[in-house]
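Next come two complexes, and both contain chain A; in the first it sits with chain B, in the second with chain C.
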Partner chain A sequence: MVSMVHDLLIAPFADFAFMRRALIGVTALALGACPIGVFLMLRRMSLVGDAMAHAILPGAAIGFLLSGMSLFAMTAGGLVAGIVVAALAGLVARTTQLREDASLATFYLLSLALGVAIVSMKGTNIDLLHVLFGSVLALDDPTLLLIAINATVTLLVLALIYRPLVMECVDPHFVRSVSGAGAPTHLAFLALVVVNLVSGFHALGTLLAVGIMMLPAAIGRFWASDITGIVVVATVAGIVSGYAGLLLSFHAGMPSGPAVILVAGGFYILSLLFGPVGGLVRQIFPGRHLEA
Partner chain B sequence: MSGALQFTDLTLGYDRHPAVHHLSGRLAPGALTAVVGPNGAGKSTLFKGIMGFLKPLSGSISRDGFAIRDIAYLPQAAEIDRSFPINVFDMVAMGLWRQAGLFGGISRKARDRVEAALAAVGLTGFEARAIGTLSGGQMQRMLFARLLLQDARIIVLDEPFTAVDAKTSADLFALMQRWHGEGRTVLTSLHDIDFVRANIPETLLLAREPVAWGPSAEVLTPANLLAARNLCEAFDSEAAFCADDAPPPGRQDGGHTGSHPGHDHADAA
Partner chain C sequence: MKIPRILVIAAAATLSMLSPAAAQKAAPLPVMASFSILADFVRAVGGERVAVDMLVGPDADAHVFTPAPADARRVAAAKLIVVNGLGFEGWLDRLLKSAGSTAPVVVASAGIKARGNAGAAHDHDHDDDDHDHDHDDDHDHDDDHDHGDTDPHAWQSVANARIYVRNIRDALIAADPAGRAAYEANTRNYLRQLDALDRELRETLARIPAERRHVISTHQAFGYFTEAYGIAFKAPVGVSTEQEASARDVAQLIAQIRREKVPAVFLENISDPRLARRIADETGAKIGGTLYSDALTKADGPAPTYLDMMRHNMRTIAAALAN
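Entry: the complex of A and B
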């Protein structure tokens, strides 16, 4: 019995170095991306994350075109493209009739098409799959290091801007009236979103990178009612999804990126049903109301 | 305690259309002043101008011996995300921003101040409640508690009693009087003219143009109120350049003053 549990839950990581590396990769990814996802969700920017994830693609693709599967070129390209699209979308929304969500949607569709076209120009279908769905089982040392650095930077910057970020989410007018921290906070936050999407891009690919950000955040919302609690639950959910997803991928022979996201999706559905904060079951059986 | 606000021929507006037109005057330190006027009179615009959210189209606001950050501001129908998972205590503690800043801890003493502010607005026991569960009146009480903690020399309140019942507005008005007694400058827009006449010493009657500014009883005369009501609210998209408009500072030739002699306030007709 014990050996069966061991075979099921531990052996894949004990026996295979690539599984260990993948586990470290998704754990580091979750540590950085999940708190960011919570703030994206609370600022009603969930789709912005999605749009920016796609926006990274053409940048990374140009890096790929110039120097193949080079970590540096693809990361730099992705960072630049992500920040350019975020800035452009903001600019278009401010200067034209188009709302920010609509302008982001147009930019990301354009980016996705452009990115796929660029990769196909030089690469094979395998390269395209790699770019779209990542390669969490083939993380090399530099990539792993990059993800770890990104997670560290994210947590440090988040600690620095946490207070004004929360205040900016709840009551932007108040922040504006007491300090000039609002705008720099927002920009730093957007930069963190891009940084984490680039991490996610390497591990899970452009299409699923945002999944490790938003699904745990949505899970957290059903289990905790204050922001700290949500961040903690989301991060734990992200790490557990990564671990369980890798196991699923190992035992069922599934591609690892989709397996991680599917497990997170499963947790999300469970939370939606049974979460104590606004879960469906709780809504159907609210319990007797209190006296006051 | 200095804390005077000086308006010099101030025009504020949107897209060059004035919403506050040629306002001059001084808000004395320690004054309790009501801003009264019909909808669209420019009350909120004036407050946004005071907070520096809106740049003057012409004229200026000078703040004597204090910065914008020394002003505590309660916007109308505060744009607060009420679904955000934060509790009443943390929300009120935001008022400590100037002392605590990015990292400062909330000390035992500061916690007591938050508790005292909550007690002052009658929200003791609400500390752990999520802000989304508060009623409109409780929300306004909570925001007043935050204003209390801000400990500002100048307090600007935009329609603080809108959608608030009589008991709550009486309690909140008592706080305003307390601030007044402490020598703080309080500027608030209000709709209840009888209330203003009876309770607020000074009034600025605004209808885009300043109609009158002085002791409330002298300002809120039937003649003045009628004049305020008659000033039109809508923007006139065909409005001519205002002849009184001085060229912006630093530019000698504004282009319009000289080239359009004889235009009067067509835009305020």
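Entry: the complex of A and C
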């Protein structure tokens, strides 16, 4: 019995270094990306992550075309493209009557179109979309280091801007009226979104990177009612999804990136049904629990 | 870079429409090959009489090719279209339809005994003599978009390349009967070169000791090579590069490399090298170099023609597997 559990849950990681690396990769990713996802959700910007993921694609593509499968070039390209799009969108929103979501939509679509054009006109060997699929099973030392550094930076910056960020989530007008911290906080936050998406695309690919950011946040919402609680639950959910997804990929032969996100999706549905904070079961039978 | 060629072909097509009689002598027959290796065969057989263009160029991956409107225009300009078949060009039918091409399509692999698609690494076993995949060789390329049941990489055996070349010769003669003598002479000449290549491959690879005759590559492209020359290949993804590896496939491959002491892991010019590097790192197998499976290189690369490609692969494999 014990050995069966060992074979099922631990042996894959004990026997194979690539599984350990994948686990470390998704754990580091979850530590940075899940708190960011929670703030995106609370600021009603859940789809901004998706938009930004598309926005970084052309940067990564140009980086790849210029210097091949270079971690540095693709990361730098993705960061530059993402931050340019975020900054332009913020600038337009602040100086014209166009709202931020609309201006972000325009810039990310432009960026995406540019990315698709570059990808299609490429004259090189490896299919670029395939590269951007990410490969959690092929994380090498520099990539792991990059993901870990990004997670560390994310947590440090989050600690710095935590108070204004939380206040902005709750009451943006109040922050704007009492201090000038609103705009810099917002920009720093968007930069963190980009940093984590770039981390995520090395491990999971541009599209699934958003999954490890947003699904755990949505899960957290059903289990805790204060921001700290949601962040903790979301991060744990992200790490557990990564672990369970890798096991699923190992035992069932599923591609690993989608497996991680599908496991997170399973946890989300469970939370939606049985979560103590606004879960469906709790809503349908509100009295029973109070009487107990 | 592509545009001048398109313009040339478009111009040639326009010219031939304007003055059919005069142009027929001057302008070479415009032929479109689906990818670089076929283009090389067409060039070898057609010589001066044909102008070969290709849809998927050197170093590019035909498995995941997405045609652009410019490609449809180039297809429409061709008088003969040469494809591999065996489900290799899943995107082809839509392209032909949208290009409105009425040119004859020749399936170069017609008459080849197709191998079954063995899938990813875990469920097949490359015995040197496993000829038991007797799928009927009806090159059913038009309804098989995902390499469902055949392995399309038939050119990896020189014996099959001979069939390709003969099919292409017949198609060129049908399209341009005036060139029959030239095509037949070129074909005879090229078949001799193929024979020499085949002998060289067999002799060189036969020297590798039996226990070292298994290697890892990045995608399952060497099934026919295995059948012909007895070097067993395994790969983390199947015959199409479109598949994504699962942790199970990778783990099984690693376990197998450790168990059988596989000496070398090879990279390919068309697929993502990161996974193969990771596997080599973890098992201590050495990276044997880059093999060219589905695409030739540009003229300055190590494999600008089919003959160069096969020789390069042979030397790379022989060097990595020699003690």
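Assume the second predicted complex is superposed on the first by the 247 of 292 C-alpha atoms of A that agree within 3 Å, B and C clash if a C-alpha of one lies under 4 Å from a C-alpha of the other, contacts with A are read in each partner's own complex, and residues count from 1 in each chain.
To be clear about the criterion, a residue touches a chain if its C-beta (ideal position, glycine included) is under 8 Å from a C-beta of that chain, and two chains touch if they have at least 3 such contacts.
The structure displayed is predicted, hence computed values, not measured ones.
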| item | value |
| --- | --- |
| Touching partner for A:Ser179 - first (chain B), second (chain C), both, neither | first |
| Contacts of A:Ile227 with chain B and chain C, given as first, second, both or neither | first |
| First (chain B), second (chain C), both or neither touched by A:Phe18 | second |
| Touching partner for A:Ala138 - first (chain B), second (chain C), both, neither | second |
| Partner touching more residues of chain A, whether chain B or chain C | C |
| First (chain B), second (chain C), both or neither touched by A:Ala188 | neither |
| First, second, both or neither for A:Val157, with chain B first and chain C second | neither |
| Touching partner for A:Met167 - first (chain B), second (chain C), both, neither | first |
| Touched partner set for A:Met254, first chain B, second chain C, both or neither | second |
| Chain B partner contacts - residues on chain A that touch it in the complex | 42, 160-161, 163-164, 166-167, 169-174, 176-179, 181, 221, 224-227, 229-230 |
| List of chain A residues in touch with chain C within their complex | 12, 15-19, 21-22, 69, 120, 123-127, 129-131, 133, 135, 137-140, 246, 249-259 |
| Touching residues on chain C, where the partner in the complex is chain A | 1, 57, 59-61, 63-64, 66, 68, 122, 241-251, 254, 269-275, 277-279, 281-282, 295 |
| Residues of chain B that touch chain A when the two form their complex | 51, 53, 68-69, 71-73, 75, 78-81, 84-87, 91, 94, 97-98, 100, 102-103, 130-131, 146, 150 |
